[in-house]
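Would you mind keeping the following structure in view while I ask a few things?
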Amino acid sequence: MKKLFAMLALVLAAPLMLQSNVALAADTEKTKQVVYHFNKSDMNTIKAGLRNATNHVNSPSGPETAIEIVVHGGGIKMMTEARQDPQLAAAIDNLKANGVDFKVCANTLRGKGLEVSDLYYTDESDIVPSGVAYLADQQMEGWAYIHP
Amino acid sequence: MKKLFAMLALVLAAPLMLQSNVALAADTEKTKQVVYHFNKSDMNTIKAGLRNATNHVNSPSGPETAIEIVVHGGGIKMMTEARQDPQLAAAIDNLKANGVDFKVCANTLRGKGLEVSDLYYTDESDIVPSGVAYLADQQMEGWAYIHP
Amino acid sequence: MKKLFAMLALVLAAPLMLQSNVALAADTEKTKQVVYHFNKSDMNTIKAGLRNATNHVNSPSGPETAIEIVVHGGGIKMMTEARQDPQLAAAIDNLKANGVDFKVCANTLRGKGLEVSDLYYTDESDIVPSGVAYLADQQMEGWAYIHP
């Protein structure tokens, strides 16, 4: 159904689109989008979730799917533990090398007294003001949602 | 993408909208919508979920986001425990004061032999026939979904 | 909002729809769609999730809602245990008799060394390449998502 709307939009809304060419160009490469929600501190849950995302990348839908991993609350343990856990770090590296983006909640960092520099392979540009608001906002833009 | 559709709808569907002015008026205030799914009885999960919703309200997206907390199954413990737990009650009060609505599953009340009067600060108008059906129905209307 | 789009689509996209009559015919029967995500091996979580789906079928929205249960990771225990657990098997039977479809992740079977014949009441046609990709792909087609 969403594809039908996309078709409709392209056919009918051309005159309205002066400022959104860039976003639409990206859409033609990645026609599917999904946010993964990581908020549990249990390491088995975290590692299973990363395996899920890796399987998603390697699935038939992988090449056309933009994937973002949104980390907040207890899930932040993924980014702190990865500094001492080479297997965990490798899973994150591999996902990043395949174009998966990580987004980290600023509220969580503030609440736990963490700095960006305490997190594995995280940049200021990966920080979002609120992890949960980001998850909802992306869905409002048409992204799917998965809670591993 | 959904914003594009909304624009399209406004431009093209005007003649069809005679009866939906009220709903659209509300949409101009709250352009984003999200249901939170509370179905776990673990009190740490419940309290973390309420903190998530509070952070969502206080996020940059908060003012434009309608938030509903849908309670069923084990999650009903939030509404029974809040009668004895002032901190929990205060978190619920604060969310309600910020416009967050709570919806409680009638199936759960029946299954657990609970009355509306057994629940903290709940009204008959907060009861929905099925919590899970409500979560899906709201998504069909364009709401995002978050499982804390 | 999605209903409005559906109306718009019907009004405006008629010339584009030569090949999608069948899908649209099915849509007129089931106007709502939801995928349930089963990935936990805990049997209480599995049984609660099956009760949720059963309540969904029996809810006022049930008759107009297509429901699929997507099983992967630890959730596969539902399909292996049901061979020895008559109560679990009956819950699955009942859902199937009410038109609920089950989808099982091929990655999970490969990872755990399981065959289709090791699973309760599962057919080759129920297997999808990746459970998580399937959950996202269905949402891209407009399905709601519930994680019990």
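So that you can tell them apart, the chains are marked A, B and C in the order they are listed, and the count of residues begins at 1 in each.
Convention: contacts are C-beta pairs under 8 Å (C-beta built on N, C-alpha and C of every residue); 3 or more make two chains touch, one makes a residue touch a chain.
None of the values given here were measured: they were computed from a predicted structure.
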{"item": "Angular offset of chain A relative to chain B [C-alpha, multiple of 5 degrees]", "value": "120"}
{"item": "Copy pair chain A, chain C: interface residue numbering same or different (half cut)", "value": "different"}
{"item": "Between chain A and chain C, centroid-to-centroid distance (C-alpha), Å", "value": "24"}
{"item": "Where chain A touches two or more other chains at once, by residue number", "value": "2, 5, 8, 12, 145, 147"}
{"item": "Interface residues, chain B side, partner chain C - complex", "value": "2, 5-6, 8-9, 12-13, 16, 20, 37, 39, 72-74, 107, 129-130, 132-133, 135-137, 139-142, 145, 147"}
{"item": "Partner chain A, residues of chain B touching it in the complex", "value": "1-5, 7-8, 11-12, 31-34, 48, 52-53, 55-56, 58-62, 65, 144-148"}
